[in-house]
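Look at the two complexes coming up: chain A is in both, with chain B in one and chain C in the other.
On to the complex of A and B.
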């Protein structure tokens, strides 16, 4: 870096990049407090109305500004999303962690092939997975509903947990397990006292990732959701198709807040270890 | 004396990465007696770590057996063997404190909390780490981690403590003080130590018995003095201590047997070997002196040219070249041999040795 202006250019580039990524998000958050009911991009007054509106308390709103289909529908979508995400995360975390441990510990024929298959769902286009799952469920007579979404999400979220936990295992000093055995711990005690605490940050990280992806997934869920099992992303997508409404900004901001909370939780766990 | 651990005709083979088979242990037998400090010494890949892992239970033998306290431990998993290990990289549990690490074995054995705390305190005191019990391993220096690993391994009062090159990661000064500390710790505890190293100096400093291994075979077992003064094989002679090896055939001269090397060097040796025997003579730096003007028949003489004189603190080393081109070093204590210090580089000198001192290895 000989020239000071080159250095300045680099900082400008960095700033522009961040602006490119974050400006749209900041705009959504700011305009969720804008009281202009028709044109969202024209700032009028500061208001909490859209937030109140999504929770069914339209204090100052008239008929024409109340866009949200119904608060009941929204809350039911949130509940569906949470049910799917929590169930999927629990299941995917257990199976993904167990798979990572098995792959780490045992050597068997076709192991690289098996590992490759485990990475596959992560790179497979969502739309392909969605269609495949839909065809599968229909052919096998599985009723589309929360259950089909949970099964569908598990198919690829197990891979995410597997990858995160595997990375943690690969970074673990394998002599730790030997040291534990050497000091008199049987395999179960070694797992409980050494291996599990060592990979716990990976398990928590994998679980949070799976939870966020499950909460967030639209494409695959769109294919395999039943009539009465709309999740939040599918619900929002449905709203958008009938025009962009101010409440969308409020919902997006709340989801953002929720994601930050999850990320903060992840960071907290990582710090503690 | 009681035998604490015994290895009988142990054989272990591994598939080599490039195909074929590596024999890590080739019919190894040895016996560790009560209270002994035994060292497995050899270059990397000689099988010393495999042997250690066969005793601790992390490696199964292809044939032969390991007996601990008189009983075969075939099929006994590591966690049921009365031995403990100090690992090369220490393998301290990063999520546990120092006292959590040291008390790990006691906790597993369901020793009561009060007794555990007391014994952890004692063990830490033994390794001079009192007051460190609440720290995490990452907050300790390499030397301190080493001491924690040691305390963790001795707290279970094993019959045999296995140490896998535990000092190799320490710097030279720390390593030397740890060597003496380990030796006195072993003496105080009365536990057998089986120590693995590739550093011959370390082996000589600490051991009661040294096992020299090469290519999965035992080259020699004996106390350090014996290995140094009476190496059984060329490998041992070359691996332990400094010195120059001369290989050749014994021929008879007018007075005494002479070792004639391939380079045509004629070195007189003490009586003993019969004519025609192939043999290797090892002459160590301290065996040599400048030849006095007049000498009797007990001295052997080598003609040489002084090439270099190196000051080494307590000693001075003289590097000389022999008639066949081989170099040989001579070490003299203090400011140096008076006769040697008057010699300049490039001068021809006559080096003398007592003919019965250098060790002659006979080859069958």
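On to the complex of A and C.
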């Protein structure tokens, strides 16, 4: 390189960029162990008490400053989130994969229409989709609750699975399928023995992405969740709106760990193939 | 070429998504558009009469009876557009050099750094914004540490300003700018850069004349992907902007959750959707379909 100073400047920017991305997260994790009961950002001592208190255990700190809303509410939000995420992931993965197979495999007149339709939910601003689903459910008398959240999430998660599986299909060696057909396998056997094993990493990746997006979705869920079916992000958003409490640090740290674990799992599956 | 069996398996594969997206995606959008032309009920809900003053209230005509034209709505709309555009500018300025840096690393480091950069964005949005609430509050990390260092004597109040909203929005939307930029910079033909240098261009000339024009599709894709979610955002202005920095998303949320004027809220949503469609059409016409698929 003829201009080492330029390169150094770029590296400096790169490190600052990484710092900007990670510093906020690291701050929250570090201060979730801070025992200062009044100002969360003044370091006092190391403590696990916030973690204990979010699970409803009495601690020294929470005796003085009874903060946590209700562990029951938190746990039911977690349960709702998991229920919604697991159901939507299953449904969206099956439907999204089927759609990807159809679009990739066949040539038909409506193909561009379908491709447009499938990309639309991903570019549609969250608030527009949330509002549209809300007025739709209310207009047709659908009760807002877990079911409405599941339907709402599926409308955009099908698209995400479709995109990931399509990418995998596009990278697939199609001669293998032809060979299988030439050797006398019927279409179902070809799918089961040849196509499916090859696109499995794409399906797993799409499913993990759908799961993580469903667990994380705030805006759409916010509009279509009923009164007694709050998910974790909506619950935390509600807590934040009422004021910042040290327990949120601990909850946030646990959620961080969970998201990183899912992302690591995704990376593992990608590496293995 | 299409045999009967092909047709049958095609329809089997497509039916679930057709039905589902038809009913639960296109259906709701249609209902929303219809609602935006209906009369608001006095206690929420809608009255099934054609009523175009929902749009008039925003754009400048009104019946003067139920709905009044109020320039405040246009102001909020324009502010949202301005903040979204500023956010596009900020993310572009932050991500472009970063993407250049990553593309200059060795192949092994490149994959790793891209992974490291995208990793935090799998973390819940609400958690990432909470981080910034903690940092920007008057009793937050920034104030406390600056005071601890003796740089300032009184707590600084960044939260509930446009600056705070812009920081938060840039933070949550960084990867939408970074990834398309990085994809287009990585594809750059390095012999072009060498040719430019051999012909006597300095690094800045090479950048302006070669690198920037070649990566324009990536810039456009990133700009669209950042602009759309910025425009309708209501979580960031709500948590970091407070009542002072109201954006169109907050206005819509109010119409549904407190003002109970659904047709007006629907009309505002339809306007966001129209802006989005215009952008996408413009983008597809100018840049081509292939880029958005990535």
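Note that in this section the second predicted complex is superposed on the first by the 269 of 273 C-alpha atoms of A that agree within 3 Å, B and C clash if a C-alpha of one lies under 4 Å from a C-alpha of the other, contacts with A are read in each partner's own complex, and residues count from 1 in each chain.
The rule is simple: contacts are C-beta pairs under 8 Å (C-beta built on N, C-alpha and C of every residue); 3 or more make two chains touch, one makes a residue touch a chain.
Being a predicted model, the structure only gives us computed values, none of them experimental.
**Q** Once chain A from each complex is brought into register, does chain C clash with chain B or fit beside it?
**A** Aligned on chain A, chain B and chain C fit with no clash.
**Q** Just checking: does A:240 make contact with chain B only, chain C only, both, or neither of them? Give me first, second, both or neither.
**A** In the superposition, A:240 contacts chain C only.
**Q** Output check: A:265 vs chain B and chain C. Expected answer is one of first, second, both, neither. What do you get?
**A** After superposing on A, A:265 lies clear of both chain B and chain C.
**Q** Once the structures are superposed on A, label A:13 by its partner contacts, choosing first (chain B), second (chain C), both or neither.
**A** second
**Q** Who does A:158 touch here: chain B (first), chain C (second), both, or neither?
**A** After superposition on chain A, A:158 lies in contact with chain C alone.
**Q** Please name the chain, chain B or chain C, that touches the greater number of residues in chain A.
**A** C
**Q** Using the superposed model, determine the angle chain B, chain A, chain C defined by their C-alpha centres, to the nearest 10 degrees.
**A** 90
**Q** I'd like to know which partner A:198 touches here: chain B for first, chain C for second, both or neither.
**A** After superposition on chain A, A:198 lies in contact with chain B alone.
**Q** On the overlay, how many Å separate the closest CA atoms of chain B and chain C?
**A** Shortest inter-chain C-alpha distance (chain B to chain C): 8 Å.
**Q** Hey, what residues of chain A end up touching chain B and chain C alike?
**A** none
**Q** For the complex, which residues does chain A have touching chain C?
**A** Going by the criterion above, the answer is residues 2-3, 6-7, 10-11, 13-14, 17-18, 20-22, 24-25, 27-28, 31, 39-42, 94-96, 98-99, 101-102, 105-106, 108, 114, 117-121, 123-129, 131-136, 139, 151-152, 154-155, 158, 162-163, 187, 212, 215-216, 218-219, 223, 232-233, 236-237, 240-241, 244, 248-249, 252, 255-256, 259-260, 262-263, 267.
**Q** Quick one: in the complex, what on chain A touches chain B?
**A** 173, 175-176, 178-186, 189-190, 193-194, 197-198, 273
**Q** What part of chain C is in contact with chain A in the complex they form?
**A** 2, 5-6, 9-10, 12-14, 16-17, 20-21, 24-29, 31-32, 35, 94-95, 97-98, 100-102, 104, 113, 115-117, 119-120, 122-135, 137, 139-141, 144, 171, 174, 197, 203, 228-229, 231-235, 238-239, 249, 252-253, 256, 262, 265-266, 269, 272-273, 276, 280, 292-293
**Q** Which of the residues in chain B come into contact with chain A in the complex?
**A** Its residues touching chain A are 56-58, 77-80, 83-85, 87, 89, 91-95, 104-105, 108-109, 152-153, 156.
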